[in-house]
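Chain lettering (A, B and C) follows the sequence in which the chains are written, and residue indices restart at 1 in each chain.
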Amino acid sequence: MSRLSRRRRRLPEAWRRPLAVVGGVIALTWLIVAVAAPLLAPYDPLAQELPRLAPPGPDHWFGTDQLGRDIFSRVLYGARVSIPLTLLLVVLSVLIGGLLGACAGYFGRWVDETVMRFADLVFAFPTVILAMVVAAALGASLTNAVLAVLVVAWPSYARVTRGLVMGMREREFVLSGRLLGFSAWRSLRLDVLPNVTGPILVLATLDIGTALLLLSGLSFLGLGAKPPSPEWGAMVSSGVEVFDSWWVATFPGLAILTVVLAFNFLGDTLRDALDPRTARAIKVRAL
Amino acid sequence: MSPTSAPGKAPAGGTAGRRAARPGVHRHPLTRFLVRRVATALLLAVGITLVTFVLTNLVPGDPATANLGQRALGDPALVAQWRAEHGLDEPLPKQYLLHLSGVLQGDLGTSQQSHRPVAEDLAEFVPATIELAGAAIVVSLILGVAFGVIAALRRDRLADQVLRVTSLIGISVPTFWLALVAFYIFFFRLQIAPGSGRLDPGMTPPPKVTGLHTVDAVLAGQWDVFASAAGHLALPALVLALYTIGLLTRFTRSAVLEVLGQDYVRAARAKGLPGRTILFRYVLRSALVPIITVAGLAFGSLLSGTVLVEAIFAWPGIGQYAYKSATALDLPAVMGVGLVVGAVYLVINLIVDVLYGVIDPRVRLS
Amino acid sequence: MTLTISNLQVSIGGAKILRGVDLALQPGKVHGLAGESGSGKTMTGLATLGLLPHGATTSGRVDLAGRDLLTMPVRELNQVRGKEVAMVFQDPATSLHPMLTVGRQLTEHMRHHLRLDKATARAKAFELLGKVRIPGAEAALKRYPHQFSGGMRQRIAIAVALACSPKVLIADEPTTALDVTVQAGVLRLLRSLCDDLGLAVLLVTHDLGVMSAVADEVSVMKDGLVVETGPRERVLRTPSHAYTRSLLDALPGETA
């Protein structure tokens, strides 16, 4: 038990980086696929003209589905559906949650109370159940699924930003700015926001995975993308009907897994680079 | 965890154990604390029902469209009758108040889907989910904490690296896909897992005491039923647990590393205590406090997962019920689910707070 | 039993922390180890019992009755730690486990090292608390560290260190975290324990005032080396090394 070591030391750089490199390469590959899908895909993702339920082989690397569509092509095209929406979703959550959280932390009092009680309410609710209710109420469509995920995604940013801003508010350079007569908005924009971007970026990177899981989960439940669309969650869902043809569901699922994993590798490495206290605040919130 | 909040204001829920020592408390701190917790949960339940109510009413979806067939929809009289039957012709605020007053009398309304009282539906479906999520959280805690401790003690070595990658994979796998793959491999291919549902077909559930088939079977001494129930539970629970295992592994690792750096651990080593004693008596005891906090939060994500896992394994739980009622815009049922969620939230938080007190004398004695 | 440190070298991540330290502890004597923070005096204490942070490498010899503690296997070293050589740390608020009772922390290593049964260990703990002058020992055993004041906690930590009747005590800044009014009491306690039990004490401190109050021998460290060593009177009154003089000059008020 001499290994009960006392001090925490960082992993040697050489050991920590491979994870980030692997994550970065996978993420970049998927981004390229999303852009270049029409050039890369051997078949039309929607054309129902191939043999049905053909297992993976030289002609169809990932096989074909029950409607005679090439799954490899559909998986590639799926990147165009899921990845931009997921990124947009995270950007919007950061903007909305960050803004609300910053206001709550900066102005305190009733602004803080209102925003944070609302965030608590959302937090108490299991994400999938709340998103499901929202999506069902709005009507099943991919846009509404994005809105539904947005509803459950913003509070984590609000909480983290609020905490960081409240810590920042008492710092000297912010206080002196106030004393010099800068407006609240000015000091929020110039002094506070630049200092919270690092942690928020890490949280956002980790959240890309969560958002994609949730979004594809809603599609899987039939509350997101509709059938002809090559959305990965919906493709897994169609694989349920023919689950003995394992390839129909397996490959789109692997696509989701690799994208989420890539961003988690990146985010986890980035988090280690942050100072421990901020990292801990994020770790708890990133659930 | 969070910076000090403004004077006289409680920090947001979750870490309530720490507020025990606030000055100026008149009543017994425990009473005060319990009152506050129950009030929060009530507020939450009302908030949840209000949100679900508003959501399901102010949006394009129409319950009548979702519930009545195409032919009935062509007949305005039929639609009107259906709406009147379900109280949908009243003004919205009145509808909501009617619902709330019903809840207070234990009447959660009637499901538009099952045509049964929502309370009855919930009583039937909730135990199945509790059994599933409960098994999953137990598995997650055991494996997640064990893996996290190993990773921390082997920091920077091979075991730590392997656990880091595997736990990240664990939190990256889409639950619904994993459920399907597991079902395919273990049921369809290897045929070592029983099929869907909670029991083998034709088997009678044990006499209902807790509603958890495994527990009830043991209570009734029906070992064959227990074997069947446990067998059916194992795969969905493991699938559900994978995410939280990954989460708890990562979290336990950092919690343990933090405790290892404490003076009292070095002091324990200076006393010549064996490593195992230090680990269990000194390190884990402290690390458990943050771990329990996260496990409480993780339970929420387990409930989320049940919606997806129950769908694949045909597990008759609250997740499937929530899904069916949400897609049908079955308002009373959805609000019933909301209440259940509020109650679960309350219970989990209470358990977490009690555990804080059990583990940490500073909470218990102040 | 004497403890002799010879040519002790420690480096952590390439940085040399100790560059050949020599010290000798005698039974019944308090040996003061002075120096500024970063001079390596705390590391000297930790290295003696193999408590250095992860990744530290050591060389040299720490001799306890003919055995070298530095090269000793961990299992064997665990028989020395707490039993023959004990340690008191700087901050009693963090060096006692907040969630274990005082009784537990006082008895657990007695039961382990001395194979005492529960009742005997408790009786011994009761006696120890009296020795370090904790009032109401019976009740104190059932209480937790946070229910005591800082000075009391340090007395408890000293009682923990003395529980297995060690021959050598390493006290790392034992009074730094305490109020000035409490410091004197803890120091007197250390002094009397040293005299009564024939303990060899290494008192690590940056405070020459503390040093002059209790130490028999004084060593002064700078940059990982002992620059001056000798009887208290000589070192503090007629310091031969320029660094010792500068330390003394920095002291407010008089010397000894």
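The rule is short, and it goes like this: contacts are C-beta pairs under 8 Å (C-beta built on N, C-alpha and C of every residue); 3 or more make two chains touch, one makes a residue touch a chain.
Since we're looking at a predicted model, the values are computed, not measured.
Of all chains present, the one whose mean CA position sits nearest the global mean of protein CA atoms is B.
Each chain's centre was taken as the mean of its CA atoms, and the one lying most distant from subunit A is C. Computed centre separation for the pair subunit A/subunit B is 22 angstrom, with centres defined by C-alpha atoms.
Per-chain Cα centroids separate subunit B from subunit C by 50 Å.
Between the CA-based centres of subunit A and subunit C the separation comes to 52 Å, rounded to the whole angstrom. In subunit C, the residues that touch at least two other chains are 51, 54. Subunit B has residues 155, 266, 269, 274 in contact with two or more other chains.
Taken residue by residue, subunit A touches two or more other chains at 1-2, 5-7, 9, whereas all remaining positions touch fewer. By the touch criterion given at the top, residues 1-3, 5-6, 12-13, 44, 47-48, 51-52, 55-56, 59-61, 153-156, 161, 164-165, 168-169, 171-178, 180-181, 183-184, 188, 247, 250-251, 254, 257-258, 260-261, 265-266, 269, 274-276, 278-279, 283, 293-294, 297-298, 300-301, 303-305, 307-308, 311-312, 319, 322-323, 326-327, 329, 334, 337-338, 341-342, 345 of subunit B touch subunit A in their complex. By the touch criterion given at the top, residues 46, 49, 51, 54, 77-83, 86-87, 89-91, 94-101, 108-109, 112-113, 144, 146-147, 157, 160 of subunit C touch subunit B in their complex.
Every residue of subunit A that touches subunit B in the complex is listed here, in rising order: 1-9, 11-12, 15, 19, 108-109, 112, 116, 120-121, 123-129, 132-140, 159, 163, 166-167, 209, 213, 216-217, 220-223, 233, 236-237, 239-240, 243-244, 246, 249-250, 252-253, 256-257, 260-261, 264-265, 268, 280-281, 283-284, 287. Listed in rising order, the residues of subunit B touching subunit C in the complex are 155, 262-264, 266-274, 277, 281-282, 285-286, 359-362, 365.
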